[in-house]
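There are two complexes below, and they share subunit A, which is joined by subunit B in the first and by subunit C in the second.
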Partner chain A sequence: MIDFTMVAQIFWTGTATSSYYVLFTIAFALVLKVVGLWNFAQAGFMGIAFYAMFFAFNVLHIPVWAGLAFGFAFTIFFTGLVEVLCLRTLRKRRSSSLTFFIFTLILSEFIAYLLMLFFGTEPVTLFPSILSPVRIVADIAVSDWDLVALSSTGALSLALWVFLRFHREGQFLTAVADNGPLAELYGISAKRAYLVAMTIASVFVCAGMYLFGTRAGVIPTTPLELMLFAVIATLLGGIGRIFSAALAAIVIGLVQSFSILVIASAWQNLVLYGFLFFTILVFPRGFRLPGLRRVRGADLAPKPTAESA
Partner chain B sequence: MDAGFIRRSLRRAGYGVILAGTMLAATSALAQDSGPLRFGLAMPLSGSQALYGNDQVKGALWGVEDINKKGGVAGRKLEMIVLDTQADTQLGINAVNRLISVEKVPIVLTSWSNVVKAVAPIANREKVLVISATANSPEIAHLGDYVYTAFPLADVDIAAVAKYAYKTLGKRTAAVLYVNNESGIEGAKVYRSAFEKEGGKIAIFEAYDLKSTDYTGMLLKLKNANPDMVHIQGLVADLPQVIAQMRQLGLQQRISTYAVGYNVKIIEQLGKAAEGLIVTSLAPGAKDNPRVAEYVERWKKEMGRVPNGLPYTQYLYDEPYIIAAVFEWAIKQKLPLTGENMRKGLLAIKNFNLPMTGMLSVGEDHRVHKPVYLLTVQDGVFVPLATVD
Partner chain C sequence: MQYVYSLLVLIGIYVTLSASFNLIIGNGGLISIAHPIFFALGAYTAALLGIHFNVPVLVSIVAGMLVALGSSFALSLPSLRISGDYLLIISIGFQLGFLQVIKNIDFTGGAGGLGNIPSVLSGETRDIVFASGSLLMALGVVLLIRWIVRSPYGRAITAMRDDELAFVTLGRNAMKIKLVIFALGSGFAGLAGGVYAYYFLYLSPDQFEILQSATILTMVVVGGMGSTLGPVVGGVLLLALPQAITFLQLPPNVMGPLQGVIYTLLVLIFLFVRPQGLISAARRQT
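This part shows the complex of A and B:
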């Protein structure tokens, strides 16, 4: 029997577990918007992020804050290396989109195999225990993990929004995303913008893998499976619309969670593929709410009257 | 050059071919008569099941080493060829095909129910004996003439834990949660059937996807159903997550699972949430067999830890002894070392007294029967709970 408590619990836990998908989606959508790259190498970066933190916590035995810093630093460094050494080279050669796509996909697979070599294929979590303290709030189980996931995702998303909206560097990213050559004419370095976008993406990726890795076991090929969610959410949110993609990630996560009420849990993952199919066919440019459009500055300016003309 | 010369040349060439062929055949026969006795082992060495797969391979390797230290089989070394299946159906088929076609082994040991089922047609077609090492799907008993199991199937230990829950623990309703693959589906059906046969009621029978990480919806359904007992037929990767999320949602029912749960890592990951967990073991513990204590000490000494899935590794240690006995039988009978003769040997010997797991009887019904040892987690360690014969 379905009751309010059940619905509320599914909503709460579904939203909390969507948090890492939101982070992966934002990273993917940001790179797609600014760099114009379908960055399937993100799965490789996710693997690097997880195993760097795993190494820090389980081999170096350093405190959580230091391990996180280590993970962030390592991932940012690796991502920067790929951008500078690989992607710039492909751009200089004016490589086609297909070449970029194949390169990023192969890079992810290569990283997965390297990680298998070094860390094996046993499912591991960042910490030995996967349990976190739970409290009951209005009949709903709220765990510390849920709170950390939601607050960190919210904080990072807000920080990115503020950065893109108000910070000079963030505005440069938007400019390059809108029109790269024109931005360059105004003295904005597209190369720098790409590097900044990739750096921000690696921060989100590392945060997402921390959340995932404290809850579920990871093997080197796990990130490749998680990527599908980010791709679907990006498509559904609309290419170039980072926060719509993030919202789409939450919606898909909740739909997947609530689907248990109508289908057997064994088929929950089928919902993902159903969404992908539906999105590509019906909303190839993403889903837009009817009646909402961006208001341009020109629209707000007073219209000339016959006397003023 | 006259016709006579040509005829003489052809005759000489013919003699040369016959001589070369005879020497080649003799060399091969000599190699077969004196070379190592080879068999294949196809197990997950990588992938999500490698945690158990690698330790099982280690157990088998030690079995082979110990047999060879004692002089081998009829003076010949036993040699094991190991290939990776990742517990994946297609990779399992590739591995077994290679073992049969390239390595030419007459016996293959393999595990994971989906792999055993996938390679069964190859075994029957090529007449190579495939022995299921630790897979437990009841369907394994019906996979053809050349597929046998050296491990009791799910209808032995899972039925035992279901009966125990009803008869001894007095549970009248149970929930069955299972991973949506061969290992999960068949085992879940066995539990349901056994529990209902005793008079119990299955409150909820729910599958989850192998790649799921959030089980909230399924667990809330379970909460609504409010069963007395929960049986989880999962795998080593997902089992701790299901239990953790169950406890975090406030579900405190006693949980049972099968031998996959008999792993100290689960206690590490779950802490107090693992208390009361009932697991099965189809192999005797150290108290029942002193050799097991020595075996565990060997693990601690050489690997620095106890094996993951100790009972499974005990079976893998013993299975080379079965293979050695079958080879010895065929050599004594002066029969070629083919899969057909290996199968004949297995059925002719029938009863094997094995060092780690005790007496094993291989039936014509392709099953083996063993007592089931039930253990539970108490104060952070596995302790014996009951033995069900």
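This part shows the complex of A and C:
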């Protein structure tokens, strides 16, 4: 028997759960837009972020803020290292897209195996208890976790939008995404833009893994499945449209949550793979609402000044 | 002695897998990681036909190959219709999705695995037959791929991989070639799967996870992508390497990840130090 309260509860919980999917999707879509890289290494970065925080909280026993800072710093450092030492080398060699694909995917797997060696294959959460205090609002159970997840995801997304829209460095990212060689002619460093994009992505990845790790158990191969979600949402949202991809992540998350009404939970993941086929078959260029014009990156790119010209 | 025979069977199977994967990724330039799922399809089809319908072994193995070959279209048709890049993404979903199905239905034994596969022959004869059969299969597949690659059709494959736009402009059908390469490679993986099922008599979904993708990719990259002999060398080398680790007698929960670390680290090292692999494709062609 399905009633309104049940539907509303699934909607609320589904929206809250999709928060970390949104963060992973934004990270993936941003790197794809700016760097032009299908960054499958993101799964590895997600693993590093989670286990760095796990180590901080459960081995070092440091306060939450310090553990978070440790996780963010470690992930950003590692991501930067990969960008500077590996991806730049491959770009310098003009490596094929096949090489980039192999590198990013295998790096992810390498990290997963290393994490298995150090932390085992048993599911672990960031804190011993993942129970969160719950209050009832209009017959709907609202947990503290839901509020933290939604507010932090909203704040981070808004901050990114403001950064890309109004900050000079953010506008550089858009310029490089639109036309790298032309942007470089105007004095914008593509290398720097790539590094900034990867750094921002690692912040989103780390925040997402914190939310996920305080809600569910993680094994070293979990990030790969989580990343697949981000890939599907990026495709559905349309390559190059970061916030449309984030919206797509919420839609897919909600569909997955509502699927519990019609299919057994063991088959719930299949909804995701169904979405993948559906997206590639029906919306290979992403879903667009008719009449909506995308703000072109060129409009956001900094206008050439007398000095740069 | 049985240990040596098992190793020979595995060498035959993995050389078949790496050579067929090389046809797809090295010769065809098609990026997919779902090769293990076609290996699984062949293995499960052959095993289920043997268990439930008492189909003769050779017929079951051929049926497994055909199922893998046919299923490849479900993956390649929707993705290649749009762009080659989509093949990679859809292949990840295809592999994980199919494994999810295998794990959740009783017919395939579920997550616990599929046993009771009828054993053909017994004793040392069984080992000798399977070892020689497996090596012959590998030899046949490698020679067939070599013949394809060196034929006019193979030159068309290379031309398509190197410059698809020019290839299409000349009036050739790139899509058709991609579908054929992908189907052939997947069919060979299915064939190897059938042999695997009837030799080891037990199948588990875990054997066809992403680790397998990494293993096969490592064999191709380390051996030399695009060269016929490369995956053979890569396959033999990377099967021999873990045998050295087994002598360390590490617990299984360390062995598995350690093998994974070695495989993936090798790929990363080769990507930067010797991207052409042990056997360069260009050198072979001269």
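Keep this in mind: the second predicted complex is superposed on the first by the 293 of 309 C-alpha atoms of A that agree within 3 Å, B and C clash if a C-alpha of one lies under 4 Å from a C-alpha of the other, contacts with A are read in each partner's own complex, and residues count from 1 in each chain.
The rule is short, and it goes like this: contacts are C-beta pairs under 8 Å (C-beta built on N, C-alpha and C of every residue); 3 or more make two chains touch, one makes a residue touch a chain.
Here the structure is a predicted model, which is why all the values come from computation and not from measurement.
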*asked:* Taking the superposition on A as described, I'd like to know which of subunit B and subunit C A:A159 touches: first, second, both or neither.
replied: neither
*In the overlay, answer first, second, both or neither for which of subunit B and subunit C A:V137 touches.*
neither
*asked:* Applying the document's definition of touch, where does A:M116 land relative to subunit B and subunit C: first, second, both, or neither?
replied: both
*Contacts of A:E225 with subunit B and subunit C, given as first, second, both or neither*: both
*Check the residue A:T13 against both partner chains and state whether it touches subunit B (first), subunit C (second), both, or neither.*
first
*Thinking of the overlay built on chain A, is A:N269 touched by subunit B (first), by subunit C (second), by both, or by neither?*
both
*Which partner does A:S129 contact after superposing on A: first (subunit B), second (subunit C), both, neither?*
first
*asked:* Using the superposition on chain A as set up above, list the residues of subunit A that contact both subunit B and subunit C.
replied: 116, 120-121, 225, 266-267, 269
*Under the touch definition given earlier, write down the residues of subunit A that touch subunit C in their complex.*
38, 86, 89-90, 95, 97-99, 101-103, 105-107, 109-110, 112-114, 116-117, 120-121, 221, 224-225, 228, 231-232, 235, 266-267, 269-270, 272-274, 276-277, 280-281, 284
*subunit A-facing residues of subunit B, complex*: 46-48, 50-51, 180, 206-209, 211-218, 220-221, 223-224, 236-237, 240-241, 244, 247-250, 268-271, 273
*subunit A touches which residues of subunit C in the complex?*
25, 29, 31, 33, 78-79, 82-83, 85-86, 88-90, 92-94, 96-97, 100-101, 104, 209-211, 214, 217-218, 221, 253-254, 256-258, 260-261, 264-265, 267-268, 271-272, 275
_Of subunit A, residues touching subunit B in the complex_ = 1, 6, 9-10, 13-14, 17, 116, 120-123, 125, 128-132, 134, 136, 141, 143, 212, 215-217, 219, 225, 257-261, 264-269
